[in-house]
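Letters A, B, C and D mark the chains as written, and numbering starts fresh at 1 in each.
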Amino acid sequence: MIKVGIIGATGYAGGELVRILISHKDAEIVWYGSKSYINQKYSSVYRNMFQIVDAECMDDNMEALAEQVDVIFTATPQGFCASLVNEEILSKVKIIDLSADFRIKDVSVYEKWYSMKHKSPQFIKEAVYGLCEVNREQVVHARLVANPGCYTTCSILTAYPLAKEGLIDMDSLIIDAKSGTSGAGRSAKTANLFCEVNENIKAYGVATHRHTPEIEEQLGYASGQNVVLNFTPHLIPMNRGILATEYAKLKRNASYEDVKAIYDKYYGKEKFIRVLEKDVYPETKWVEGSNYVDINFKIDERTGRIIMMGAIDNLVKGAAGQAVQNMNLMFGLKESEGLELVPMFP
Amino acid sequence: MIKVGIIGATGYAGGELVRILISHKDAEIVWYGSKSYINQKYSSVYRNMFQIVDAECMDDNMEALAEQVDVIFTATPQGFCASLVNEEILSKVKIIDLSADFRIKDVSVYEKWYSMKHKSPQFIKEAVYGLCEVNREQVVHARLVANPGCYTTCSILTAYPLAKEGLIDMDSLIIDAKSGTSGAGRSAKTANLFCEVNENIKAYGVATHRHTPEIEEQLGYASGQNVVLNFTPHLIPMNRGILATEYAKLKRNASYEDVKAIYDKYYGKEKFIRVLEKDVYPETKWVEGSNYVDINFKIDERTGRIIMMGAIDNLVKGAAGQAVQNMNLMFGLKESEGLELVPMFP
Amino acid sequence: MIKVGIIGATGYAGGELVRILISHKDAEIVWYGSKSYINQKYSSVYRNMFQIVDAECMDDNMEALAEQVDVIFTATPQGFCASLVNEEILSKVKIIDLSADFRIKDVSVYEKWYSMKHKSPQFIKEAVYGLCEVNREQVVHARLVANPGCYTTCSILTAYPLAKEGLIDMDSLIIDAKSGTSGAGRSAKTANLFCEVNENIKAYGVATHRHTPEIEEQLGYASGQNVVLNFTPHLIPMNRGILATEYAKLKRNASYEDVKAIYDKYYGKEKFIRVLEKDVYPETKWVEGSNYVDINFKIDERTGRIIMMGAIDNLVKGAAGQAVQNMNLMFGLKESEGLELVPMFP
Amino acid sequence: MIKVGIIGATGYAGGELVRILISHKDAEIVWYGSKSYINQKYSSVYRNMFQIVDAECMDDNMEALAEQVDVIFTATPQGFCASLVNEEILSKVKIIDLSADFRIKDVSVYEKWYSMKHKSPQFIKEAVYGLCEVNREQVVHARLVANPGCYTTCSILTAYPLAKEGLIDMDSLIIDAKSGTSGAGRSAKTANLFCEVNENIKAYGVATHRHTPEIEEQLGYASGQNVVLNFTPHLIPMNRGILATEYAKLKRNASYEDVKAIYDKYYGKEKFIRVLEKDVYPETKWVEGSNYVDINFKIDERTGRIIMMGAIDNLVKGAAGQAVQNMNLMFGLKESEGLELVPMFP
């Protein structure tokens, strides 16, 4: 039984880690870290867990935690994990960081987009970018995994095979993404009140959203070139779900079957990626509560562009589910253990 | 492995049966009945099931089905199950009927409220009302289970211990219930369009809703007297969930502790009923996707009334989950098998 | 042109006052008070008002304000208006208070339910309870109007004619009310975040909500007896709207026509109260954005009860619209001036 | 007083025409056409209109109507208006067609995208494309106005000044649009049920949506070149509102001030177009219920692209509001008459 500690267990991503791990047959949560709720019953913060989780919230003490658990999930604000991790801790425990601290290999890019000094750049190189379908082998041997962002998971996986195969002009790539409101977190802000979000849609972080360099870096590795793109997130009046609609010029003529074959080459055996049937487009509701990524595409011969679409549950494949998938890989478990969650509809 | 057939697999309750049974380790669905979608892939109707369910929809042939399966779930309109069931079928297969056909023991009451002739009244007496926490022993030995309605499950369980112990004046009982829109089914009606339901609330079926006599009959058994009450359902702009707010006069002085002790007496050992902590009131989101019933109460000394509140997921404990709970009991399985679903929040 | 000052112009009720008064042909807002946003453009707080309102937010200075305006609306927390009002101010300006400070005539009841000392009890007697359809004549001559609460407006008007005519047993009256989330205000609280309210319903303030004594007092005046009742509010995932479902025993046999005649007697000539056609029940969407109250009832002969239902827009008839209706009466304008708002559907 | 007839008065756009025209001081609706509801009270179809509209629904008889009214609005399916209009009718009455029949000047383009034969191509040339801010002068003298589509109004106006001034590379233009569900109409389809739309987002009509050629034609006129672009609509779980996010390469270096000056040149005096302040992006809620278009942009120097964003209420500026704006122009009334609707928030 793998002993698990969660730091930041009372945010939405932390809550989803608990929901998933509670039913995981090889893992056991022994530390529900939440500085804001120390000594309070976890189930008084998330009452869906009443009579399911009996534990109280603990402090964010990573050193103490490293003595007691096999793996630490940090579902914390940017900068937190980087400020605490050190060689001694990493020698005792594996870390899966759900923040952005170790996602970006170029520390200057991180420091520019996140407007903060990186506290432990010495671990950036070692850290594995935990997008399982792309970096599976490295994840298996990692001590420190940088769990990808929600928008980035969806954005990258939707375009990855075509970037990798050189089918699309990377300079023409535009990603228009739409997210449910749980992505904004659980802190009390006027802008996230029900009455402000409901019956409304807006773009935000236009040309400045922090997930941009993460997407660019990863699609840069895939395509073997420097990638600079437009990424525009939008806030949608729903709890969960991200839909990415991506536009790119085709570099050569390609039929539906050609493109489908490329997607199948990369994803045909992937349990959690479903390339949909022709002309069936992803909907976030079809993946809600599950670790699936639903993907499809449409070639527009009039414009010479391909429109790629991907949908995930931002809290599962976009955060907690992918983190558990990484844990499974790191501990030699079945990759889908605890993640055979059937999407809930309606 | 129990072989399962579902008639009406493409309604919302049928879809939820599939979601739950897919992960049930002792059951296997072998017949996805849906007259409207015969020969179409089930996953083309519910695309959340893509790459999970490969089967096609079948006809509603109960006789053929009885040869092939161990249990039939009928998630069909009123009158359907009663029109097809017969002794030969019941000798071969167990039936769990999610419609109202066998819920009401007094056939004249059924015929009056449902405005239809009952097609097989000879089975009404045998049929067990499948409210597991109340009729567990009878369910174990049943061939034919009448799975309770969604509003009724919530309404009855919320008041049951106090009715049973004679603490409340049954003539004073008023049930004001609120339901998500999946309770209205998946058929295309203008009144259930997004724009008609969203940003709106209304009462409907005032003083005439068909779940009324079912609640009255069961609370009549519990209290040992004839019960006539007001039940008012309301439509809420959300997908899932029922909240019942119930009002009754206390027949004698009772403290919080007295009432809590009564609830604990009946529900203290029930896995799926959670009596909440003092002054914490049920919210439908805390049970979403799960088989839980969350219950609590407040004594109002000013008026001498007690306000009881209960919340369920109408598609799980209010339909498919309870049906599987009944199946587990009927086949000698662990009662919670396949039902250890952690509520999803948010 | 009536000069208007609003204190608390950046709450949801304050915002609605602005929306309505902007189109009022005899009134002009000259003071947008909002302590939290002093010197900021009003339209930077409510961007729907961009290029419509050019003013900046001002301090909450009631004395200065009294020199400049003809009427002050206080859309402020409880206790604020009572702490500032004095004879000198009232000699210069009319006040319409949207808080509870002057709604309850029995100061000890106010102090008990609101847990605060009343700062100017000497004005309670003078203050007119501004439920226009009930107290029209007194409003006309008032200096200080206590604008009714949202739940109370809906709850009282729904039952008023039957209470007044002695048709219902006031001891049996139960009010189960449901409100959209704008009623919770615009302050940043976790419980009001989109993800906490959406797809959820709960009761709150059970047997303790502060609108209870206000309803009891007014229905007490109507029925000529002391009224103690149950009032239970619920939070609904929608922006606007209140639906009250009310239950009471009929004191004597009454047909549909009898009851309809009573409603028509009181409301037949009221522009803003619509008694719906037989068996058509109120829906909040049908009054959204307007000053209407939609009311109907159903007699349940089985239980001897009548179920009364009323719907309003909580921000209009439940707050700002009624406040403007009061202003119109106080200044001798056409009562419906600025309030001929057609409900918006969908 | 202008006499108005509406054909298709019971669809959502028709209902919105009624909402707006009821408060229009120079117009009077004398014919509520609705084939589906002939002889039924209009207010029994839209109960928000109870006691406001007393009329019954009439047949779709355009010839009879032409005798009785000054202007006919056709809020009907494609093909309807073109099949009935003729010279005699046009000699008696002005027509504002809310369908696509006369929007596209190239009849072969119309017939290809709409898969139907055009029944009266002889009027296409005469028909004026009723985008008031662009074609104001022609509208003034028109007998037949083709009222623009909802997506197209938003998409065109957002990019128009930059297309007109040649600032953007028209071949690079991509429009990613998001619409509330009222755009899907009021007919009963499973895909538009509350439970299917709520908590969900999807793209649809990818590379094939019929508003594409309309946008291309109009932006072609503006830019003076043939335009072929990508337009992708998405369905959002809200009642009203369209947000268009548009991406294009800048053809030359341009600062924020340069671009702002261009927008101001075209829209600075337009009452219904609000170019927002720097870094404030449009939100659909800020225009809900009103005839405003909110627009803004962001230059991304990294990619050399400009991101333009526009928001409208699809039923107002995207349909009924613009139709009334056209009527005002055609009859020499104040352009904003009846349209000074303040956006409703929340």
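By definition in this document, contacts are C-beta pairs under 8 Å (C-beta built on N, C-alpha and C of every residue); 3 or more make two chains touch, one makes a residue touch a chain.
Since we're looking at a predicted model, the values are computed, not measured.
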**Fill in**
Shared touching partners of chain B and chain D are A, C
**Item:** Remotest chain, chain C as reference, centres from CA atoms
**Value:** A
**Complete:** Chain-centre distance (mean CA atoms) for chain C and chain D, in whole Å, is 37
**Request:** Could you please state the distance in Å, as a whole number, between where the Cα atoms of chain A are centred and where those of chain D are centred?
**Result:** 39
**Request:** State, to the nearest whole Å, the distance from the C-alpha centre of chain A to the C-alpha centre of chain C.
**Result:** 46
**Item:** Touching two or more other chains - residues of chain A
**Value:** 12, 182, 195-196, 198-199, 237-240, 283, 285, 288, 346
**Request:** Over in the complex, which chain D residues touch chain A? Could you list them?
**Result:** 174, 176, 178, 180, 195-196, 198-204, 206-207, 228-230, 232, 234, 236-241, 243, 245, 247, 281-285, 288, 298-300, 302-303, 305, 307, 309, 311, 346
**Asked** Which residues, counting only chain A, touch chain B once they are in their complex?
**Response** 12, 15, 19, 22-23, 46-52, 182, 199, 239-240, 274, 276-277, 280, 283, 285-290, 294, 340, 342-346
**Asked** Which of the residues in chain C come into contact with chain A in the complex?
**Response** 12, 181-182, 186-190, 192-199, 237-239
